[in-house]
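Each of the next two complexes has chain A plus one more chain, namely chain B in the first and chain C in the second.
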Partner chain A sequence: MGKYFTWEGFFKAAPLIIKYLPVTLGITFITLGIATVIAVLVAAIRVYKVPVLCGICKGYLHIIRGLPYVVLLLLVYYFLPFLVFKLFGIDINGWDKKVFVIIAFVIHEGAYIGEIFRAAVEAVPKLQQEAAYSVGLTQYQAFFRIILPQSVKVAIPAYGANFVELFHNTAITYMIGVMDFIGRATSLGGASFNYIETYLFVAVVYAAISIAIEFLFKYVDARYQFGAKVKV
Partner chain B sequence: MEIQFDRVVSSLQSGLSYLGNTLKISVIAILLGTIIALIIALVRFYRIPVLSQVFAFFVTVYRGIPIMLILLIGHLLYVMYFDSVARALHLSVTIKDVDIILLGYIILTIGGIPSISETFRGAMNSIDKTQFEACYSVGLNTSQSLRRIILPQMLPVAFPGYINNILGIVKGIPLLSAVGIMEIMSGALVPCSVSYSYLEGYAATAIIYFVLITIILAASKRIEKYLMRYRVITNE
Partner chain C sequence: MKKFITTTKIKKKGLAVIMLAVLSAGILQGCGSNAASASAKGKIDQDGVVKVKFASGTNNWPFCYVDEEGNPAGFEFDLIKEVDNLLENYEFDITSTEWEDLVTSVKLGKLDIASWTIKKTPEREKEFLFADEWVTTQKFYLTVGANNEEIHSTDDLQGATVDGSHPDEYIYVLWDKYIKEHPEQNINLIASGNPLNDAGIEALQNGSTDAVFMDDVTVAGQNEKRGKVLKILGEPVSEEHGFYIYSEGNEELKEAVDEAIIELKENGTYDELYDKWFSFITDELIK
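Our next item is the complex of A and B:
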């Protein structure tokens, strides 16, 4: 074991590995969809200081920020079957690993995106809320129709950074043996002993997609300034 | 399936015995990473001809690669080429003589540098141009103006992002257990292979890391308050 890098190995392995890219992307997008919804609720709870839930959310955020994602993933993977068995008597050990991965990601990202949206909602001037109330909107209507859309504009840069971080964290799922992008590269490398080519391909794709996402969010952010920001 | 607390305690003890290793890796990775990242950020900021383009390219590319992948590739290269490199440098060590924690130092340093240098560069860009002009008008050369005026102003701005980066490095340490480096997570799992129950091991790992990171966060809040003491906060 110690073959040097060959380009033909690289191009032979590439089409086989790229078939599993949708797995990784799928996990990313499903997580973002669910986590964003949860995050908006968590942010709203914290901003409006709902009596009991606000404390629970603060605790939730504090715990998630204090754990590495790997540890959280492994905790979910080992504890969730235990918890579900205790509470409902159902054995979920046989479930597909991807479900555990998505649950762990949703828990993790819900906290971080929740913080992003909280900061974004607080950045919207209080005037907007008062104006909404003066026109006769209820609290819910004011939040979802007036404040939240304006907070999206503020949240875009941080959300983009979080998106890229989430995409990088999907690489960690390798540790519980999910057959995703990196898992496929490893198994392919093990089969034909050209780990370097397979890992290099994965690295190139990861870098390309991360840079693309960053540029996309920078572009969207620039477009939504409407001339307000002056570049020094 | 039951949780047995005495196993949690034994995992805690076993994990904590490797706390020294973990702290060693974190401190070295953070110190080295900060120094190199600062140099890279300064080079890019002052636009030194060839180096800044090279650094810009490397930082952009490396920011797009997850730490897990850097770890896997680094481990692979380390295992394959360590002996040849050592022979080329006429050192009489083989890969078996060197503790694999050396790989941990290298990987985490490399993983941390792109993000830290971006944080510093963003902070430097946020300093008013007039500060530099004022320095030169008074007669300070570059290194003096950097040391006395620019870097002290850059510190409060860069600090939150910097702490984020440090926490990113600390949170990347459990990944190292995948290549056999003994740190808290692998330490806490040692008693688990005897009892065949990994639940308690991961619970112990979570507790230890949570306490460690909470301590870092609390310390960072106080340092941030101290750094912000001269800043005037305007309410719009």
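Our next item is the complex of A and C:
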């Protein structure tokens, strides 16, 4: 392996690749932010069984959960422009590729996080809601003051795990030519033939950030123990 | 009763899925006819300059790669910039992308023109509008690990394991053809995905792969960057040209670019660029 791996190659590749980490992180955070909003709506519609919309959401979840990330990304990138053009006569082919990536990931994450939120809300015992009503709280007050704080606690670990998974899954964006963290590593490997060095550096950074995110969510989870000692 | 309701629900779901599939198929069918209109092709600015979207690859040094500053670089990009300089009525938006995206984007009209040492095959010519004028040349040789003393020519390939990279790739087609012509040699053709990455080169070094077909530029590039790891044997088994491919409806652009390429070959610019990127190839480096 000696001739295929050199620390010189590793440290030469590192600064060139790391410059593209903000692209990957940007896609991850923007996706997570928008997907969380959509997920709350999806979960609320499902929990309160809003007529018509509940059926649409169920269909959305069934379809999206049956699609691999990469298929959804390719569909959005190649098919969405045609759909938009056909329906509205607008040419969106010129949009930044990262926009298509974020749309695809938001569609995917909206479904997955929506299910996490729905399960979390439904995990709070019905008695809590009934108790809230018995002391005169409205449905709105009962949800935001009683149900939501408890369901957030339930959702935190799964939401954190999903966050890490999303961060990992952004690795496929280079497939459509987005020069992100992985895209730069791949192109650099191809130009310098230092594949092992570039991918090892990428692995180190991915692992470090993933561990940091996991610790962050463990800490937040521990903070939500309501009175229990914080232990991370 | 419950069973009836469940059955009805399943039927409704099934119907919904079928309707969705039919709707999608209808829209998809429409895609082809609208491909040209939905693409960026033919966008003309106020000065009458036609905007053209061009892309080449990201990881095929020295043909096309991404330099240390993160910009597209290599022979393919330099050549298209010269074409852009010659064609006053066109303005090229030059980017780099991955192979799968490159060909799909041309097919769907997201790109007007693409290049990545693309060889003509009957199948590809059915799918794409190919240029008439070639832009790259590659000579393919039987290639083995630099330490291989057992194979000196294709006569020594009896029972050998050879790497075709990927069934989509030209070198796989070359091997496929060779094996059909020489069934008595019992050659085992594998598709590793990339015989030029670390694992592929190591396989050639340690003998788990015996030989590949490789072009001299690639062999020279590998030896230049890694030290002497490969060597070519004998004369070229094939010489192939690479061409630009165009999305549907770009015949006029194709004619203009073809003329520009001819002019660049005639006025010496093409040779200058060729020397700039490929003069590092020497016999000592590849044999």
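Keep this in mind: the second predicted complex is superposed on the first by the 202 of 232 C-alpha atoms of A that agree within 3 Å, B and C clash if a C-alpha of one lies under 4 Å from a C-alpha of the other, contacts with A are read in each partner's own complex, and residues count from 1 in each chain.
One rule holds in what follows: a residue touches a chain if its C-beta (ideal position, glycine included) is under 8 Å from a C-beta of that chain, and two chains touch if they have at least 3 such contacts.
Computed from a predicted structure; not experimentally measured.
Q: Sticking to the clash and touch definitions up top, decide whether chain B and chain C on chain A clash or fit.
A: clash
Q: First (chain B), second (chain C), both or neither: which does A:F193 touch?
A: second
Q: On chain A, which partner's contacts cover more residues, chain B's or chain C's?
A: B
Q: Between chain B and chain C, whom does A:S210 touch in the aligned arrangement: first, second, both, or neither?
A: The answer is first: A:S210 touches chain B but not chain C.
Q: Examine A:F85 and indicate which partner it touches, taking first as chain B and second as chain C; both and neither are also allowed.
A: both
Q: Name the contact category of A:G59: first (chain B only), second (chain C only), both, or neither.
A: second
Q: Applying the document's definition of touch, where does A:T28 land relative to chain B and chain C: first, second, both, or neither?
A: In the superposed model, A:T28 contacts neither chain B nor chain C.
Q: Does chain B (first) or chain C (second) touch A:K19, or do both, or does neither?
A: The answer is second: A:K19 touches chain C but not chain B.
Q: Does chain B (first) or chain C (second) touch A:A171, or do both, or does neither?
A: It touches chain B, and chain C stays clear.
Q: By the touch definition at the top of the document, which applies to A:S151: first (chain B), second (chain C), both, or neither?
A: Once the two structures are laid over each other on A, A:S151 reaches no partner at all.
Q: Would you check which partner chain A:R184 touches, where first means chain B only, second means chain C only, and both and neither mean what they say?
A: A:R184 contacts chain C only, not chain B.
Q: In the superposed model, only one of 77-85, 149-157 or 203-211 in chain C has C-alpha atoms clashing with chain B. Which one?
A: The one stretch of chain C in steric conflict with chain B is 203-211.
Q: Following superposition on chain A, which residues of chain A contact chain B and also contact chain C?
A: 78-79, 81-82, 85-86, 174-175, 186, 195-196
Q: Help me check something: in the complex, which residues belonging to chain A touch chain B?
A: 1-2, 62-63, 65-72, 74-75, 78-79, 81-82, 85-86, 164, 167-172, 174-175, 182, 186, 195-196, 199-200, 202-203, 206-211, 232
Q: Tell me, which parts of chain B touch chain A in their complex?
A: 1, 3, 60-69, 72-73, 76-77, 80, 129, 170-175, 178, 185, 198-199, 202-203, 205-206, 209-211, 213-214, 217
Q: Using the touch definition up top, name the residues of chain C that touch chain A in the complex.
A: Its residues touching chain A are 16, 27-28, 30-31, 34-35, 37-40, 55, 58-61, 65-68, 70, 95-98, 100-102, 104-105, 108-110, 196-198, 201-202, 221-222, 225-227.
Q: For chain A, which residues are in contact with chain C within the complex?
A: Going through chain A, the ones touching chain C are 3-4, 16, 19-20, 59, 78-79, 81-83, 85-86, 91, 93-94, 174-177, 179, 183-184, 186-193, 195-196.
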